[in-house]
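Next, two complexes with chain A in common: one pairs it with chain B, the other with chain C.
Let's look at the complex of A and B:
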């Protein structure tokens, strides 16, 4: 029974991990940018929801779409004004500039929001219900639902809508996409905006089940990176599954080995994937 | 004869300081298949790049009576100057249908569905394979998909770069027959080809290009009997 509860916790947390990685995988797959500031964007999204909740009194789940819109605008502007200058250049350049962006976002957040721990704490934060002897935390279940819902939305966008078709076409053959009237600069900005919006949603949910500080970005970037590699860049549902895989692995590790070893396991998994399925990682990159 | 659809006079173009096209003149009239032939390095692809407004050019370039030189690539494209690029340049991990959709990416008119039918009518094989990934098809089918995608843009002039490249002769014959059908649908074709035999088998008129200059031009029926052209391109057997 303990194991079943642990597995449930792992799955629910893993869905949120998947959502964190989703925006990174999208940007990586389409723009070939490994966005080292992705975790910082998650952090900023978390603060947006935090202040919408504490200052404006908006329910955090209702604040998610607003945070996503804010983060979309920020992401669009970053790509349009900054990252478009280095897109399609050597990966080292994009790594450097997104690392710099991570530093700027982190310390701007420290100045604006202070280094205090913040938690988004609605009245129902501790609510849970029992089903079949298992305890289901309501907020985590809702977060999982939001993650799956957004992954579905991204899948529909990429596979059924003209915008998504143009995004995939540009990723597959830039020359041809240009030839048929796609404006890559605009498309890249929209794609990065969507990635940032997903990060914003993930940040809001993260702030409800954990603590926000300006410094959470780096470790969330690393976790998103691992999951994007495991889940691949092509299919949003695989990214969510990758997140669940990591979430469950961490939960089981915490139970049987010790909570301090969870990071060892998630990065151990990355090494294992790179050894066992290197082609996948190479294709992803 | 009325004014030509595409009229190019004294065109000079190249890459940076390196000139490739010299004082080049050609025209395409409604209802024609015009071939531009020449060997590797003659400047054929550069001509198409200039026509698509990808590289700068000097001279006269009029399409439908409008000066094309000030336009950006998108402007040339939306006016109906549509190219099938060398090497097909499909979206390999997208289906045939999605590739065709991309051809109509900028179209907002209600005629897209009708164009789909028109393309499937010209290329029944594409209809059969519409759910297949473009990257998994044979070279000939990929070329059909690339031509279909260009037709989806509703071209006023279809420009095809090296259609026959890497394809078996029997497949090339099929594609040439389809070019005649496309002309019959009212879409003139500028066929840029190394394979002179293939190009001359369907074209009405042709230009022969060498090192960036037009060295011969005229009706294909005349060029076929021009000793210089026969010697250089068609061989003694012809």
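Let's look at the complex of A and C:
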């Protein structure tokens, strides 16, 4: 029974992990930028929802779309004004510039929001219900639902809509897409904006489940990274599955080996995937 | 390389050796930190700059050097020199063990695989009783900043001389060939795996000694300071800012950035880190090949050079 409860917790948290990684996988797959500031964008999104809730009194789940719009604009502006300037450079340089962005976002957040722990704490934060002897926390279930819903939205966007076709075409062959009338600067900015919007939604949900501080970015980037590799960059549902895989692995490790080893496990999984099946990871990119 | 550059570099090294005679305590302490960081950037340069394999895991060797020295000195009461040797051996073993499977991965996948090494090592050392678990170890106190300064400087000189040798040797040519095209290098008879693993082991030696010196100087070691993941990032940035794959670029880059950071921290304490981030962003946009590229030819220091860099890389 304990194991079943642990597995359930892992699955619910894993859905959120998958949502965190979704934006990173999209930007990585299409723009070929490994965005080291992705975790910082999640953090900023969390603060946007926090302030919409505490200052404007908007329900956090209703604040998610607003936060996504704000984060889309931020992401669009960053790509348009900054990252488009270096996007054809070596991968090392795009890694470095997004790391610089991560530092800027983290310490701007520290100046603006202070280093205090914040939690988005609506009246129903502690609510839960029981099914077959298992306790299901309502907020985590809702977060899982939002994650799956957004992944479905991204899948529809990529596979059924003209914008998605343009995004996929650009990911396959930038020059050819350009010949067919895609404006790459605009498309890159829109894609990065969508990635940032997904990070914003993940941040809002993360703030309801855990604590927000300006410094959570780096560890969330690393986690997103692992999941993006395990899930691959092509299919949004696989990214969510990758998140669930990591969430369950972490929960089981915490139960049987000890909570300090959860980082070792997600790293071990990553290396195992890379070393044992590198072809899969390479194809995904 | 021009003889003038070499003479200048030797003169700077000699001048730096005399700093403790005139500098204040604060100056010497800043110097030790800057020199240790320069060693880290320079050793990262061996595999990262020449071989083109970006490692985000080199801080693991720093941590192993730190713990090797600390455990030898506290638990077994061995002298500092023996501790350093134990740290270096640990780091070399670590580099070989990690390098052989992970260096089969290419390009960004190698970088990704090294990313989590640090966290994993930190978790392991937090649970080792011999390493003092989470609490850490306290080393015997030695109040002799001048000695630590000269040791760090000597280590930087040794590391830079090694890189200088690499830059002119057949071995270095092999690493550069791997960076430019690994398959072609293999066809020309370069044993890529051997070259990459030895490059990682070479880097681990200097990194571990730097860790050991810093541990003895700061007299305290715990998992968070030994396996500090920001250290990885700092060494990569300093090397790339200065010029990866050059002999003096990483040293110049780390001295410049250490100074910038120190000045910013003194002037505007809270915003210092923020402005450090801004410096990185601007450096990548305007001088993607590093400071060394500008200094190689003074004609490069023009507005046109910066505009050309943007033209080359923008969408």
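Things to note:
We adopt the following convention: the second predicted complex is superposed on the first by the 283 of 285 C-alpha atoms of A that agree within 3 Å, B and C clash if a C-alpha of one lies under 4 Å from a C-alpha of the other, contacts with A are read in each partner's own complex, and residues count from 1 in each chain.
Keep this in mind: contacts are C-beta pairs under 8 Å (C-beta built on N, C-alpha and C of every residue); 3 or more make two chains touch, one makes a residue touch a chain.
The structure presented is a predicted model; accordingly, all values stated were derived computationally and were not measured.
When both complexes are overlaid on chain A, the residue A:169 reaches chain B alone and has no touch with chain C. After overlaying the two complexes on the shared chain, residue contacts for A:179 are found with chain B alone; chain C is out of touch. Of the two partner chains placed by the overlay, only chain C lies in contact with A:34; chain B stays clear of it. If you count the residues of chain A touched by chain B and by chain C, you find the higher number for C.
When the two structures are aligned on the shared chain, A:226 is found in touch with chain C, with no touch to chain B.
Interface of chain B with chain A (complex): residues 52, 73-74, 77-78, 83, 85, 89-94, 98, 101-103, 105-106, 149, 153. Here chain A touches chain C in the complex through residues 34, 82, 84-93, 95-97, 99-104, 106-108, 110-111, 184-185, 188, 218, 222, 225-226, 229, 258, 260-261, 263-264, 266-268, 270-271, 274-275, 278, 281-282, 285, going by the rule given at the top.
Of all residues in chain C, only 54, 101-102, 104-105, 107-109, 111-113, 115-117, 119-120, 122-124, 126-127, 229, 233, 236-237, 240, 244, 270-271, 273-274, 276-281, 284-285, 288, 310, 312-315 touch chain A in the complex they form.
Within the complex formed with chain B, the chain A residues making contact are 162, 165-166, 168-169, 172-173, 175-183.
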